[in-house]
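Each of the next two complexes has chain A plus one other chain: chain B in the first, chain C in the second.
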Partner chain A sequence: MRVHRAVFARGLRRHSAYRVATLSGLLTNSVFGVINAMVLLALFAARPEINGYDARDAVTQVFVAQALLAVVAVMGPPLDLEERIRDGAVATDLLRPVPLQSWWLADDLGRAVYQLVFRAVPTFAVGALVFDLRLPDDPLRWVAVLTSFALAAVVAFGLRYLYALAGFWLTDTRGVWAVAGLLGPVAAGALLPLTLFPPAVADVLRLLPWASMVQVPAEVLLGKESLPGGTAAGGPALQVLWAAALLALGALVTSRATRRVVVQGG
Partner chain B sequence: MTSSHDDRPIIETLGLSRDFTLREGPLLRRRRRTVSAVRDVTLTVRPGEIVGYLGPNGAGKSSTMKMLTGILTPTAGRVRVAGLEPSRERTRLAARIGVVFGQRTTLWWDLPLRDSLELTRHMYRIPAADHARRLAELTDLLDLGPFLATPVRQLSLGQRMRGDLTAALLHGPELLVLDEPTIGLDVVSKAAIRAFLLRLNAEEGTTILLTTHDLGDVERLCRRVVVIDRGTLAYDGDLAGLRASVPAPRVLVVDLAAPAPPVEVPGGTCVRVEGPRQWLELSDNPAAVIAEITRRHGVADLTLREPDIEHVVAALYRGAVPSAD
Partner chain C sequence: MAEPLRTRAPWPLRIYVRLAWTWCRALAQYPASLVLLTVFVSLGALAEMGAVVIVFGHAGELAGFGVAEGLLVYGLSATAFGCADMLMGSVERLGQHIRTGAFDTMLIRPVPPLVLLATDQFTPRRLGKIVPAAAVLVLALVRCDIDWTPARALMLPVLLVSSIALCCAVWTASACIQFVATDARQAANSLTYGGQALTEYPLAVYGREVVRSATFVLPLAFVSWQPALFLLGRPDPTGLPDALRLAPPVAALLMCAVAALCWRAGLRRYRSTGS
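Take a look at the complex of A and B:
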């Protein structure tokens, strides 16, 4: 719909105003990526292969994680919707003839695309300059990678939208973020590749939605057989399932929230 | 505008009620208490009416407005707006009505006003030509021209309110719901907005429901006044009837040439003295009282004050509503 396109474009434009934040974020991502990569290189110096990952795989995933961190916002920031629920401004969102979830999805995808172009790509480029990353030769795989990155943003929105809706019941979602901001990056494989966990734990984490934000895109890029179905297409397939499930849940919770719960403020 | 709906009520509520459950007390001994915000409100508004919905803070005005617009579900009773059930058909209803909350904005804070108004075209699927024509009309009537290109965060409150009104009206809604539309505005802005609303109502037949604490809004705009108190309807009728239902005296403010003891005249009771200025509640013909005062004292100035609606309403609550639950 046209309205979503306009909301998307505005999300994109709004974030392009924060140039200094983009630059400092880029610096942080690069520095942390380098540190994280050195630690993993030290680890892999002791053992050349862990659960199907070698040092190059691990370092590549580190930079996928650093690149995607701003896109999927797994450690925040929350959606603006969250603040609007807290102060009652969500009332005006609800008075539009547009579903709440699709409106905010369009807005957040605008933000994600901006972050993809101006944070993810440069961060990954820094990684590729400093380290020997494992990059696909097959152009089709690059298509799969981009698809997987885009789906990561949708899954990430689905989760953050649910965190935000919790605000209808909790009035303050800082507690939600305290837990999600800590466990989210771990479960996503952003702190360490999930491969480094004991296989039983990794297998469970891989199936949870958080893995769709970093671990799955990284494995798509690396062409790992640990993806569902053992092919690069299995990753996006799992992500599509999670995106659909989370958006469906989001729609359900939205209607419950607006039916049962009070919009704050007079 | 829409002739097919002319005779059917645009707002219809029957026994509309809303309770809130509060949890109180320390964490371990927390008790639940049910508070009734709106109780058994039955109200019918016909197309083309301008209705003022009055009541003190906490009386249930906002809760009623939220139920009418579909962002709050009633605990009991029935509500239909434009033939729809608001909380169930909220997004459909949103396309038929316009809503402005005086203390909130629907405009995009960081973008030029024009962008937010352009968005409404897609939001309400307004044909481009209709949108352009209506925007030109509203730009003219509300004098938006000078600040269409200004980011909303740089607008004055009065400009922002005009922008919000425009955003709510571009799709030509049958019903305009306004929650304190003139709050915080200066006299000139208030007058402009009132004149605009009257014209909108007269020329397009748009039904207007507004809450306000502003006497001027009510007196200029509302042919019908509904008063809500502690959740229940306390009055429904015209403004003159509301005044008549409560004995609220007119007040004569007299500036004497020099400070004096409280003036004693037949038909007036002095209720306040401040230096040379005195306030007299009138129980009689003001002309006679004024003549008497000017005969006895040196008078520098005189003002006759009508009872303002807040006092009428306050008196109505004290007198007309049973004291116990």
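Take a look at the complex of A and C:
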């Protein structure tokens, strides 16, 4: 556990070194948030309510999406592990007396916490300044929201870890990212709220792990009844299920993959 | 000996084509991977298009534009930005080249550094973005109620070339930020991909202030909004003069001049990172 804490802290510190990158990312998230929000405001001016969402709900989700994009890294960057699998440095990782998955989980959560504090919170604050967002009054709901954001980061790691492990078989994972980086944001509800999709498509996408990264946290914040079980607790419950399933699958694939690794001596 | 009197493309253009072709040949060594990646990229383009269709499907009309007119605006914007991404998109890696020192190598080669930078890792994969966008554009041009006068037919290629040039200029100018702040690649994206996101919808959707600033400050209105108004023969709903719709070539030239100035200024103040 102490090792993991140290890896987590290093991950956090490493990302805090790039301040200009953080600032310019914040600018990009805000610009995209404002553009998307204005399009949706125009849409909801034409139709005040669509599938249980009103203009305020939609604009709030836009900023939840922009805030979480850097935390869940749904469009990248990939884990550093990918490059290490490609160039063979993963052999060093495998020598460590710590499981590969939990090591990288600790590292990635360090990154996610940094992005949550310095990208997500300011982005959301910009949204709240420019637009009238729907913010819950109940402090308990805020606890649920924070839990849901944290779980979103774990689910996101679970997916990105699996993308990275594909490198053991494919060597080059750019193809995996070409698909995941483009279809991930759609399935997550970051391109448009899933609510706007045809209901049959939305119902399927809602249950997939990508929805746990943006759509579910947004609905927890908005207190929507479309969450599993119809309550705010249903969202985090679904996320826990996906996080557990993805981490278990990750562990299984890790053991398969490491049996294939041949390290050249020397 | 006098130079042989032959008309040849200017030297930077020829070297651009040759370098781009070199990268294409390198990528063609893995044809399956190239084809698959291109298909995936076009899936992403289709997803974006799907979002436009969903928004117009719910709204019926936005700023007086129906689905067909909305797709015309989307097609113009996505084609222009897609082409610019393929031609000049690599310049956004300037900061990375500066950090690793690769930019110094580019400066000592007997080729204009901008050409080297723009062709670095040139990939025909970006056609995956352009082909669906162009297909939508053609479809929208057929479906929309356009009065095809000779003037309109002749202006269409002019408008397309202007908007591609304008987008290339936006890409280059915004990459120059990285001369000052090496890590600011994402800030450039707010202008490039942000510009694309902005121009994918009829500009009037965003209200008067945005239309004014996208016309007179950063002339993104000339990528898709003014060309669409020209083709459809509609008055500007925000009340700007109709003459503006003939201005895209002027806006493109101005933006290219600004980009050239930014590039020169950036190159002059560049002091390498040392080794």
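One rule holds for everything that comes next: the second predicted complex is superposed on the first by the 260 of 266 C-alpha atoms of A that agree within 3 Å, B and C clash if a C-alpha of one lies under 4 Å from a C-alpha of the other, contacts with A are read in each partner's own complex, and residues count from 1 in each chain.
Everything below uses one rule, namely that a residue touches a chain if its C-beta (ideal position, glycine included) is under 8 Å from a C-beta of that chain, and two chains touch if they have at least 3 such contacts.
From a predicted model like this one, the values you see are computed outputs, not experimental measurements.
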| said: If we overlay the two complexes on their shared chain A, which of chain B and chain C does A:Gly175 touch? Say first, second, both or neither. | reply: second
| message | A:Arg259 in the overlay: touching chain B, chain C, both, or neither? Say first, second, both or neither. | response | first
| request: Could you say whether A:Leu196 touches chain B, chain C, both of them, or neither, answering first, second, both or neither? | output: second
| task | Of the two partners chain B and chain C, indicate the one touching more residues belonging to chain A. | result | C
| When the two structures are overlaid on chain A, which partner does A:Ala245 contact: first (chain B), second (chain C), both, or neither? | neither
| Partner chain in contact with A:Pro99 - chain B first, chain C second, else both or neither | first
| query | Should A:Ala91 be classified as contacting the first partner (chain B), the second (chain C), both, or neither? | reply | first
| task | Name the contact category of A:Val31: first (chain B only), second (chain C only), both, or neither. | result | second
| query | Can you list the residues of chain A that touch chain B in one structure and chain C in the other? | reply | none
| Where on chain B does chain A make contact in their complex? | 20, 57, 62, 66, 69-73, 87, 90-92, 94-95, 99, 101, 103-106, 108, 110-111, 115, 118-119, 122-124
| task | Flag every residue of chain C that touches chain A in the complex, lowest number first. | result | 33, 36-37, 40-41, 43-44, 47-48, 50-51, 54-55, 58-63, 181-190, 193-194, 197-198, 201, 205-207, 210
| message | Using the touch definition from the top, list the residues of chain A that touch chain C in their complex. | response | 18, 20-21, 23-25, 27-28, 30-32, 35-36, 38-40, 42-43, 46-47, 50, 172, 174-175, 178-179, 181-183, 186, 191-192, 196-197
| field | Sites on chain A touched by chain B in the complex | value | 1-3, 5-7, 10, 13-14, 17, 88-89, 91-92, 94-99, 258-260, 262-263, 266
